[in-house]
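Below are structures written as C-alpha cells.
Presented sequentially are two complexes of subunit A, the first with subunit B as partner and the second with subunit C.
Let's turn to the complex of A and B:
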C-alpha cells in the first residue's frame, strides 16, 4: 500500500509539477484523493482472504458478538492506513513542493478523523462487497457516495489549516468530521452482523 | 390489471395531464427566468419522489431485517428502481435548468450535487443486487446499504451546503417567487408524480412476483423431467 501511495504521488508530481503549476490550492484535494484511493485498495483486501479461504465461519465461532469482528477489522484497517499516511503524507508535501505551515496537532487530528470515518464505512462495505461477484470493483462505487461528507470535511479542514483562502474556520469542518465519524462508526457496528450472516 | 390498479392508472393519467397543463400553460412565466422556469414543476416533483422512494427503501430494509420476509425485499427492489428513474429525471432536468438559468450544464450547487450523490447511491444499490444471486443475502445487503445510505442523505446535503456557502457561488441560484398559480401547478405536479410513483411501484412489484413464480415453475418442471428420465 505504501508503494501504491508513492506511485500515486509520483504520477501527480509528473503530471502537475512538471507543468510549473503551483499545487498549493489543490493540494488538500490531491492529498485526500490519494489517501482514499490507497485506502480503498487496502480495504478491498481485508475481506477477500476471508472469502476465498472461507475463514469467516471460523471467526464467527468466537464466543462474542459478531460486531467484534467488525471492530477488529476496523482496527486493522486503521493501523494499516495510518502507517501509510505517516509515510506518504509528508512525502507528498515534499515531492509536490507544498510548504507545511499548519499547527501539527489540529492537522494530525484532521487526518485521524478523516481516516476513521472512511475506514469504518469502508470496512462494513468491504465485507458486503467481498460476497458479491466482482466485489473489489464494486467497493469504490459503494463507498464513495457514503463518504462524501467526510471528503468535504477533510479537504476543507486541511485547506483551512494550510492557510488556503476561503475555507472558513477549520473548527466547523472538524465538527462535521467528528459528527460523521460518530454516526458512521456506530451504525456500521450495529448492522455488521447482518452482512456476515451465512 | 386489477380494477384498483386500473383506476389508479387513469387517475395518474389525469393528474399528469393536469400537471402538464397547469405547469406549461396556466402558470405565468417567471419574472426573472421566463419560460424556462417551468421545468421547476417537474424537476421538484421528480426529486421529491426520488427521496420518497429512498425513504421507502430505508423503511423496507428495516422491516426486512426485522421480519426476514422477502416481500419487503420485493418492495425495496421496486422502490429502488423507480426511485433511480425519478432521480435520473431530477438530475437531468436540474442540469437543463442550470444550463438555461446559469449558462453551465453543471454547477456544484447543493441540491444538484446532493441529487447526483443520491443517484450514485441508488446505482450502487442496484448494481450490488445484480451481483448477488442468493435471495436472502441479496435482500440483506440491500437492506443494510439502503439503511446506511439513507442515514447519510441529510449529512451529505448539509455538508455540501456548508461547503458551497463558504465559497459563494458567483451565479446565484435563481430566486423563484411563487405566485398562487405557480404554487397550484407545483403542488399538482408533485401529487401527480407521487401517484405515478405508487403506480410504477405496484407494477414493478407485480412483475417481480411473476418472475419469481416463473422461476419456481421452471424449477419444478425441470425436477419433474429429471424424475421421469430416471
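Let's turn to the complex of A and C:
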C-alpha cells in the first residue's frame, strides 16, 4: 500500500511536471488523491475475512451491540492507513521536491481528521458492499460521492497550511472536517446493526 | 464459566419455557417465510424441526438465534423479546448453521480463543482446551482451519457453539458432512444438553435420526406448522407424506399404528 501510494504520487507528479504545472499548489490534491486511492484498497478488504464462512453473522451472535464490529473494523482501517501515511506522506514531499513549511501539529491534525472521515464512511460502505456480488467494484462508486466534503476540507486545509496561511486560513476547513468526522462516525455507529442484517 | 446474567434473561428452570412463539412471522426480501408459527419448548427438551426445502426451518433457527428479526407475532426466548433484548438472548444461545463462522486462515485454537474472548469467558484458554478435547480436535489445534475436512470443520463449529455453555442449542442440519464417529459425538452433545437441563432445536433432512434425538417434532410446510407432535407419537408415514407436500389432515401429531422411526 505504501508503494502504491508513492507510485500514484510519482506518476501524477511526472504528469504535472510534464505539463509545466507548478507542483506546489497542486501537491495537496496529489497527496490526498494518493491517500484515498490507497485507502480504497484497504477498505475493499475490510470484510473479506468474514465473507467466506459468513463469519460476520457469527460476529452478530456475540452478546454485544453490533456496532462494536464497526468500531473494530474502523480502528483496523485507521491503523493501516495511518501507518501508510506516516511513511508515505513524508516521502511524497521528498520525491516531488515540495518544501514542508506547515506547522507540524495542525498539519498532522488535518491528516488525522481527513483519514478518520474517509475510513469511517468507507468502513460502513464496505460492510454494505460486502453483501453484494460486485462489492469491491461498487465500493468506490459508493464512497467517492459521500467523501467529497472531506476531500474539499482536507485539500483546502492542507493547501492553506503549506501555503503559510494564518490560523484564519485553515481553521474553518478543520472545523468542516471535524464536523464531518463527528457525523460520519456517529451515524454509522448507530445504523451499522441494520446495515449488516440480511 | 460464562458470564450470563440469569437476572437479565430468565434462567432456564427445569420445565420452564425456553421458547414461546405465537403467530411468528418472519420476512426476507419482502416475502413472508414464516407465516404464523406457534410453539413452545421447555427446558430439558429437544425439538426436531422438519419439513421440505423452503419450509422455513433455517429461517426459524436464525430467528431464534436473533440473526433475523420477527416481522410479526410474538417470540420470547428465555422470557426475553429478541427485538429488545437480543444481546441477552445471544449470551444463552449457541448456533450451528450452514456456514461454520470460522476464520479459515486461523488455526482451531486461535479461532476458538477469538470466540471465547468475544463471549467474555472467564478462563478462555481453559475452555478452548476443553472444547477441543470434547470434539476430538486437540491433536489438530494448531493447523489452519482451511486445511480441515468438512467433518472436522463441523466439529469445530460445534465446539464454537458450545464455548459459552448455552442454555439453548440451535443446530441447522448438523449431521451434514459428518462421519459416523462425529455424528455419534453430535448425538451425545444433544443428549448431554438435554440431560443438563438445557434445550435444543435441530433441523435435519434425516427425519429418523432427528426424531430419535428429540422429544417433540415440529413439521413446517411453506412457513406454517403442518404438524406438531411428541416424538413418540410420530410415524414415518406422516413425515413422508408431509415431505411429499401433503398435510396430515389433523393439527396434532397423535397417530395410531404406522411405521415408527
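Following the convention adopted for this analysis, the second predicted complex is superposed on the first by the 183 of 198 C-alpha atoms of A that agree within 3 Å, B and C clash if a C-alpha of one lies under 4 Å from a C-alpha of the other, contacts with A are read in each partner's own complex, and residues count from 1 in each chain.
We take it that contacts are C-beta pairs under 8 Å (C-beta built on N, C-alpha and C of every residue); 3 or more make two chains touch, one makes a residue touch a chain.
Because the structure is a prediction, the values reported are computed rather than measured.
By the document's definition of touching, neither partner reaches A:186: not subunit B, not subunit C.
In the superposition on chain A, A:7 makes contact with neither subunit B nor subunit C. By the touch criterion stated above, A:83 is placed in contact with neither subunit B nor subunit C.
When the two structures are aligned on the shared chain, A:153 is found in touch with subunit B, with no touch to subunit C.
In the superposition on chain A, contact is made by A:134 with subunit B only, not with subunit C.
In the superposition on chain A, contact of A:197 is made with both subunit B and subunit C.
Looking at the superposed arrangement, the partner reaching more residues of subunit A, out of subunit B and subunit C, is B.
Of the two partner chains, subunit C is the only one that A:61 touches; subunit B does not reach it.
In the superposition on chain A, contact of A:75 is made with neither subunit B nor subunit C. Put simply, subunit A uses residues 197 to touch subunit B in one complex and subunit C in the other. Those residues of subunit B that touch subunit A in the complex are listed here as 65, 117-118, 120-121, 123-124, 127-128, 131-132, 137, 140-141, 143-145, 147-149, 151-152, 155-156, 158-160, 162-163, 166-167.
Put simply, subunit C touches subunit A in their complex at residues 28, 65-69, 87-88, 90-91, 93, 95, 97, 99-105, 115, 118-119, 160.
Contact residues on subunit A toward subunit B in their complex (touch as defined above): 121, 124-125, 128-129, 131-135, 138, 141-142, 144-146, 148-149, 152-153, 156, 166-168, 172, 176, 179-180, 183-184, 187-188, 191, 194-195, 197.
Of all residues in subunit A, those touching subunit C in their complex are 49, 52-55, 57-65, 197-198.
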